[in-house]
Amino acid sequence: MAERFLVGSFGEPEGLLAAVSTLRDAGVAIHDVFAPYPVHGLDQAMGIRRSRLPWITLLAGLGGLCFALAFQYYTAVFDWPLDVGGKPENSTLAFVPICFELTVLIGGLGTVGAFLLRARLFPGKREQLPVLGVTNNVFALVTPLQGEGNEAELARQIMLENGADEVEERETES
Amino acid sequence: MNRRPTCEDAAPREADGDPLVQIGLPTGTRSTGFEATRRDVLSLMGFSLGALGLGAGCRAPVQHAVPLPAASIEMVPGVPNLYATTCGACSAACGLVVKQRDGRPIKIEGNDASPLTGGGTCAAGQASVLSLYDDGRLRGPMWLGNAVSWAEVDRHIRSVLDARGRDARDVVLLSQTITSPSTRALIDELRAVFPRFRHVVYDPLSLAALREANRRAHGAAVVPHFLFDRARVVVGLDADFLGTWLAPVEHARQWAQRRTAGTDRGFHVQVESGVSVTGSNADLRLAVAPSQIGAVAVALLAAVTRRMGGDDPGSFGAAGLTQAAPHAVAIEQTAEALVRNRGEALVVCGSNDLPTQIVVAKLNAVLGSVDKTVDLAHPSLQRQGDDAALPALIDDMNRGAVHALMVWGANPVYDHPDGAAFRAALNKVALTISFADRRDETSAHVHAVCPDHHFLEAWGDAEPVSGHFSLRQPLIAPLHETRAAEESLLAWAGRTTDHRSYVRAFWKRALYKPAAGAAAPDAFDDFWERTLERGAIDLPRPPVATHAFAADLEESVREIVARANRAGGDHDGYELALQETVGARDGRHANNPWLLELPDPITRLTWGNVASIAPVTATALGVSTGDVVTLTTETGKLELPAFIQPGQHRHTISVAVGYGRWAAGKAGDGVGGNAFPLARVANGLRTTSARVTVTRTGRRARLSPAQTHFSMEGRDIVQTLALAPSEHEHEHEKLPDLWRERLHGAHAWGMSIDLDACTGCSACVVACQSENNIPVVGAEQVRKNRIMHWLRIDRYVEGDGEDAQSLHQPMMCQHCQHAPCETVCPVLATTTSSEGINQQVYNRCIGTRYCANNCPYKVRRFNWHNYTANDDFPYNMTSPLGRLVLNPDVTVRSRGVMEKCNLCVQRIQLGKNQALLQRRPMADGDVATACQQSCPTGAIVFGDLADAGSRVSKLLAGRRAYRVLDDLGTRPNVGYLKRLTREEES
Amino acid sequence: MSAGTIEPTTGAPETLPATRWIEGTPSLHRITTDISRPMEARPGRGWWICFAISSLAVLNLLGMVTYLFAKGIGIWGLNNAVGWAFDITNFVFWIGIGHAGTLISAILLLFRQKWRTSINRSAEAMTIFAVMCAGLFPLIHMGRPWDAFFIFPYFPNQRGPLWVNFRSPLVWDVFAISTYFTISLVFWYLGMIPDLATLRDRATTGIKKLVFRVLSLGWNGSQRTWSRYEIVSLVLAALATPLVLSVHSIVSTDFATSLVPGWHTTIFPPYFVAGAIYSGFGMVLTLLIITRQTMHLERYITTNHLEAMAKVILLTGSLVGYAYATEFFNAWYSGNVHERFHFINRATGPYAWCFYLMVLCNVLTPQIFWWKRARRNIPVLFVASILINVGMWFERFVIIVVGLHRNFLPSAWGMFYPTVFDVGILVGVFGLFFTLFLLFIRALPMIAMWEVKGVSHG
Amino acid sequence: MRTRGIVFGVVLLGAGGGLIARGATRIGVHQGYAPEQPIAFPHKVHAGDNQIACLYCHSGARTSRHAGIPSASVCMNCHSLIEKQTTEIQRLKEAVQQRRPIVWTKVHNLPDFVYFNHSQHVVSGVACQRCHGAVEQMDRIEQASPLTMGWCLGCHRAEAHVPTSTFTRVAANVRNRPTPFAGEDCTSCHY
C-alpha cells in the first residue's frame, strides 16, 4: 500500500536546519532530509547516530592481513621451500609489503561494499526523489503523514514558518 | 628441429625437412617457444570438452617417431656414442674424441689418450664440428662450374690426364703440409703413375727458415719437436706458441705442466712486437720491432756465451752491433736465467728469417737444449712448406709447363701474396682441379671441383710429430655427394680401392710390426681395432741423423747486425707485423660463425681484424680506436680500423691474417681485411713483416667489441700473488652470515679456475657455445653489447706502455650461494638447487631482466631477439642443416628469456644417471664440464665441494684461492686461483 | 603539509581575510551549471587540437607496441650491461605522477583543507590515468609478455606447488600498484556518485539519463546516506594516505633492495615519495592551468589554488634536492669503492648532462616559488611545471641507467643509446595520458560540485 | 525482481569464469590423446594377451633417454615365425620388405623444454603403467596421464622422501642423507 509523506522544499540550508529542530521539538517524526551536499549539523538535528562502518573496515583489514601472511608463509615455507638466494624460507620482513597492501585493499573494498549494501545503492536502482532538484539546489524535508491531520498541519506550519518555498503531499509509488 | 610440427605438416614433408627423422630418430632439440595450438585456444575459451571431439589430426600438435627400418646395435636413440678420431682443423692433428648423438657428431672433445695433447683442444678445433654442417659446402662435384656426377667429372679428368703431352709436362699436386703418412705414401705412388708428377707444398704461415737453419746447423731440414715441459726457462722470439704457433694445444699443455708443477714454476720470457696470447702470459715480455728480433737473438747469444766463458762474443761479430739491442738489461737477466738452467732452457723463434733462426739454433746448441728441449731426432712434421716452390710453380704454369694442377687443402689465391698471379696462371693450365669443400677464392677458377669430405666424415691418419700416430674415422655418413681426395686421386690413378682400405693396408704394410714370434693371423685386426678405439698410438720411427752445430754463424750475425743498424734505433717509419689469432688462424675457417664471433683474447674484438697501434703511436698519428687507417706496404695496401693496444711496440702495427675472405661463404665473406698480400716472399722466404706507412682516411669504422674497458679501476678482480720463498698457508677469513645456512643435498658443485694456468686461448668459450646451443648473434648485436657467450674471457690491462701487463680471467656464472639474481626474480625462474647450482629455468622466465641487472658479475645473457629460425640472424641455428649441430639435451632458448652458465648441468645429470645405472656413488671426475674438458692447460677444475677429498675442494682450500667480489657476500661456488707473479730472477 | 595549510594559524582571523577558494558566491544552481558546462557545451577548438595531437600519439603507441610484441624488446637500446632504461624509467615516472591525485584527495581531506575541493576530482582522474600508463610498462618491458600472468599467484594451475617469489620487489610492485589503482578508482568513483546523480537529473536525452542512472546507483541525496557517505570517505582517505606513501616506497625498493651501486640506498623510499609528490603536483599544475583556461573555470580553480600547489612543490622540490645531496655524501662517507665510483661517474661520466639537467629542473627551478609573484604568475607556473616533469623523468633515467652501465666488473661496462622505439613509446604514452584526460573533462564533472557547494554555502 | 536479475548475472559470471579457468588450466594438456597409427598396433594383444615385456620392444627405456619405438626388424623377430596374417601384419611385412621406415605418431609429447629420461625411471623401478596407464588393456595407445608439472612433482615428492616442510626437514637433517633418487630441483627436468 502506498505511504503518504509531507515534503517541504527549502532553498537554503539554514531554514531547513531550523525546521528540522523545531519539528523534532514538536515531536513530529522526520522521515528523512534530502540535500545536494551534506549539510553540517543536520545529523545532530535529526539525531542520526554515527555510522558503525569503521568497524567493518577494521575487520576486513584484519582479514586481509591474516590472509596475506598465511598465504605467503604457506607458499614460501610449506608448499615448496625453494632456496632463493640463500635467504631463510620464512623471510617475514619481505612479506610485510604485501601484507600491508592486502590489508588496505580488502579493508577499503569491504568498507565500500558494506556502505553500498547498507545504503541500498546498486547499479540500475531507480532513484526516489521527494522533489526534483534535491541533487541540484533544493533541500527537501520529508515527514510521514499519519492518520490524524493536525500533526500534518503542524508540520506544514513549521516548514512554512522556517522559509520553505513549498510544501506538498506526496505518495510513494509502489 | 626445435619447431613442433602442426597438423598442417604432412608426415613425409616432415621427414624430408628433418634429417633426424630420415635417419629414424625422435626429433631431438627442445625449445621454449610459445606455441598455442588451435586446441589451446579452444580450451582457453572453456570448451576443452568440446575440443575432445575434434579430429585427432588437428587436435594436438602431431609429432612423428620414425624407427630405423632395422635395429642397430651401435646406435641407441638418445644415447651418445664417443669415437676417437683426429682433428683436421689445422696441421697439428690433435687427438679428438667426438660425441656422436643419434648418428650425428655434435661435440668435439680432446682425446685424453693422446700422448701429445692429452685431452686439450683449441678454439678452431672445437668449432670445426660446425663447419661440417656449413651450408656453404658443395653438395657434389662440379665441372666448369656446373654440378655433375662423380662419373662425369672423373671422365673429364681422366680424359685430360691420359691425353697426349702429359709425359711432356708436369702433373702438379699443390697442397699445404700433409701430416698423414698414408697420404704421403699415396702421393709417392702417384709419382709412378704420372711420370712427371710433382708435389708442391707451401704454408700460409711458413717455418721454412727454421728448417733451412736446422739443415745448415744440424744437417737436417726439420722443424724440431719442442718440449716445453722439460724447459725451466723458455724464451719465445716472435713465436705465439701458446696461441697459434705450430702445435699450440700441445705446447700449452707442456708449458702449463711446467708452470703448475708446484713451486718450480719456470721462467718465460717473450720477445714480440704485437701482443700475443703467449706474450700476455709471459713472466717477462719485451716489445721489440720485427726487424730487431734478430738483434735481440744476437745480443742474447752474446750475453749467454759471455757467461758460459766460451768463445768471445766478438768472434762471431756480435760486437758489430753498434746500436745496442733494445732491453739490454732484460736480455742480460734472461741470459743469466738461461745459463743457470742450461740443459733445461729453450729458445723458440717464429721468425721466418734465416739468419735469426741460425742464431737461435746456435743459442739452443750452446745452452745444450738440443735433444733435451729441442728434439731434432723425432721432429715435428708440420710446416713442411717450401716458400720458393709456389712462385716457381706460378712461373712454370705461365710457361705452360704444367699439364694438370690439383689444389688440395690450399687456397693460394687468398692466402699467398702472389695470389693474383696464381689466379691468372691457372688459365695457362690444361686441367685444374680443386678438392676444396666450397667454391672458394681458388676453386672458383678451376675446371673441376672435387669436394673432399669434412674430416668428421673421412677416414685417415696423421703423424704430426715423428713417431706419434693417430687414426681418423668417420663420425657420420657423408652429408653430401663428397669424396675423399685420396679416393679421387686413387680413382684417377686407375685404382679402385676406397680410402679406408687404403689406410688400413698402409698401416698393415708400413707401420704394423707384429709382436715377435706369435703373429696370429688376426693380430693386425686387433691392433687396428684397438688403435681406432684409442685414436692415438706411438710407434718407433728411425731417428733423423743430425750433427752438432756447424753453420756459418758469423755470416748470419753480420747480416743481422747490418740490418739492425740499417733499421737503426730511431725508426723513421713503422713496421707491419702479421699475426695469427686464435679465432681466425690462417683463414681456412673463415665461414665458421662461432669463430667469427669468438672475441679475440687480446683485442676482445669479434667479426673482423684491426690494425693494432701503440697508444703513443696513436697519439702521434692522431688516430683513436675505430678510425680507419690505410696501411701501405710495397706489396699491398689495406684499409683497417685502428685499435689502440697497450703493450704494442711503438713502431709496429700488428694485423691479424685470416680475415677478408671474399669467397668463404655467407658468414665469412667481407669480414675484416686480407693482410696476406701485405708481406712478400723475399729471397725464397715468406716474410710476415714489412715496412709500412700509415695514413688516416678520416673515416670511422664500427667495431664489434665484446669488452670496451680494460682497466680494473683499482679493484681486486684479478688477484695476483708474488711467488715468495716462504710458502705459509693462510686460512680464508669467513665472512659473517646473516642467515642460517640452507640445507643442501649430497653434492655441492663448484669450480676452480687457475688464473696462472689460463692462457686465454678461448677453446673453452667455443666449447661452451657448442655444448650449450648458444646462438651466434652477429656483428651488429655484438656491437650493441648483446653477445650471448655464457663463458667469456675478460682481459684486463695494467699500464699502457710497451710493458703493459695483460691479465685473462674466464668469467661465467659464479653460482653464488647467496645469489643476488635469485632474490629479485618475481617468478622463481632462478633458484639455488639442492646441489648448489644457480639454476635458470627458461620456461618459467618471463624476461624482466632484473636478475641480470642485479648480477655483479654481469654473466647473465638475455635473448633480445629470436635467434633461431629467424632470417635476421642467418647463422647455423637458422639453417636446417646447421641445426644438426645442436645438443638435443639442452633447450634451445626462445626470445625473451634469460640464460647463463649452469655448470653443464646436463652433463652432471648424465653422470649421476650413469652412476645410478651402474649402482655406484659418484666419484670425483665423473663429470667434466665442456670448458674444463676443452682446456689444454687444465686450468679449469670442476667437482663436488661437499667432498673434501675432491680436487676442486683441495684447490679452493689452498692459499691461492679467492672469490671475485667476495666482499659483496655472494658466496660463489666458483673460485679462482690467484695468478702468480715472478720475483726478479737474480 | 604545512605548506598546504592556508588558514592562518597565527594572527587574528579578522585582521587577515580568509583566502577565497571560489570567486564570489555563485548560487547552487549556478555552480551546477558552470561545472556541467564542459560536458554539455560543444568542445572548443583548443580541446580539439589537443585531442587530435594526443590521439595521434596513441596511434603511434599502438603501432610500436604491436611491433614490439612481434619482434621482441631487442628493438630497444637495451643490452647486456643496461637491462632497464626507458621502460622502467617511464614506469617509475608515471607512478610518481600518479601520486598527487590521491594525496590531494586523501591527505588534504584528512587535514580538512578546503582548497582541495576544486582540484581533487581532476587530480584523482589524473592519478588513475597515470597509473594506467605506468601499468603498461611492467607488461611490455617483459621478454615474454604473453607469459605475464606467471607473476600472479593463481590457482588452479598446472605446475603444482610452484608459486611466485614473495621476496622479489617486482611482486611487491604487482600488489602495490594493483591495490593503489583499485583504491584510487573506488575513491574517485565514490566521490563522483552525488555529482553523477546531479547529472542524471539534469540529463535530457534518454541514453544519457540511462547511463548516469546506472552509474549513480540510485543516489537521492538522503541525509542518512550522506552521513554514512562522509564516514566512508574519511575511512578511505585514512587508508589511502599510507597507501600513497607505501606505493612509491615499494617502487623504490626495486632499486633499494638490489646491490647495484647508486640503487642500493636506504634513503630511497622517502626520497622517491617526495619526488613522486613533487612530480605529481607538477603534472596537476600543468593540467589545471590548461583546463581552467580552455574550460573557463577560473572561478573555481583560482590563483589561490595554484599558489597552494606551488608551495607544496617548493617544499617537495627542496626535499628532493636534499636527497640528491645526501646520496653523494653517503657515497663518500661509505668509503665503498663501487659507490664512490658510481657517483663520480654520475657527475662526470658520459651521462653527466642528464644529471645536471635533472639538478637544474628539480632543485633550482622550484626555488623561484619563494617569491609570491612567481607563485601567482600563470606563465611562470606553467613553465616551471613542465620543467619539473622533465627533470623528474631524467631523475629516474639517471638513477637507472647510470647505475647499470658501469658497475662492478669494468669488463662488462657498456652504454645505452635509445632507439626510435624507446622514444616513440615514451611519446606515445604521454599521448595516451592526455587523451584519457581530455575525454574525462568532456564526459565527467572535473570539479566535485557537491563539495564546492559545501564549501561555498556550507 | 531486479535483485533476482542481479543474482542471476553474478551466477552466470561465476560459472563462465569457472569454465574459462578450467579450460585455461588444460592448455597443452592432451590427456586422452589417442591418434590413429599407420599400423593399428594393439598393445592389448601383445603386452596383454601375449604378455610380452614392455622392454622387449621398447629396449631403449632401460638404457636411454628415449624408450624408442622398435624397428620393424624387431617385430619380425616374432612375426617371421607366426602364421597368423592380418592386413595390418601385411602392411608391416611390406614395410620390412621395402625397408621403408614406418612413420608412427607420437602419443606422449612432453614440451620441448622438459628433459625426461626413461632409463633413470626404469632403473629406479618405476612401473611403465605408472605414467602410461594400463597399456596392456589398450587397443589403440592413448595418453593416460596429464603429463603436467604438478603431476610429475606429485610423484617426485612422494618418491623423493624429501620432507617438504621446514620443520620436518630440520628434524630429518637432510644434509646427512644421500641425494634422493627423485630430484626436486628445477634442473632435474629443466635445462
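Order as written gives the chain letters A, B, C and D; numbering starts at 1 within each chain.
Everything below uses one rule, namely that a residue touches a chain if its C-beta (ideal position, glycine included) is under 8 Å from a C-beta of that chain, and two chains touch if they have at least 3 such contacts.
Fair warning: this is a prediction, and the values are worked out from it, not measured in the lab.
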| item | value |
| --- | --- |
| Between A-C and C-D, the pair with more C-beta contacts | A-C |
| Most widely separated chain from chain A, with each centre as the mean of CA atoms | B |
| Centre distance in Å when chain A and chain D are each reduced to the mean of their C-alpha atoms | 60 |
| Length of the line joining the C-alpha centres of chain C and chain D, rounded to whole Å | 53 |
| Centroid distance [mean C-alpha coordinates] between chain C and chain A, Å | 30 |
| Between chain D and chain B, distance of the C-alpha-averaged centres to the nearest whole Å | 44 |
| For chain C, residues that touch 2 or more chains besides their own | 161-165, 167, 171 |
| Contacts with two or more other chains, residues of chain A listed in rising order | 79-80, 84-85, 87, 122, 124-125 |
| Numbers and ranges of chain B residues touching at least 2 other chains | 820, 823, 825, 828, 831, 833-834, 844 |
| Touch list for chain C against partner chain B, complex | 71-74, 77-81, 83-84, 141-148, 150-151, 162-165, 167-171, 174, 254, 257-260, 337-338, 341, 404, 406-415 |
| Footprint of chain D on chain B - complex, ascending | 2, 4, 11-12, 15, 24, 26, 29-33, 36-37, 39-40, 42-48, 52, 56-57, 59-71, 76-79, 743-747, 831, 833-835, 837, 839, 841-844, 889-892, 902, 905-906, 909, 912-913, 916-917, 921 |
| Contact set on chain B toward chain A in their complex | 739-742, 816-823, 825, 828, 831-834, 971 |
| Chain A to chain B touching residues, read off their complex | 82-88 |
| Interface residues, chain B side, partner chain C - complex | 34, 707-715, 717, 781, 784-787, 792, 794-796, 809, 811, 820, 823-828, 844-850, 852-854, 856-858, 860-866, 894-898, 964-965, 968 |
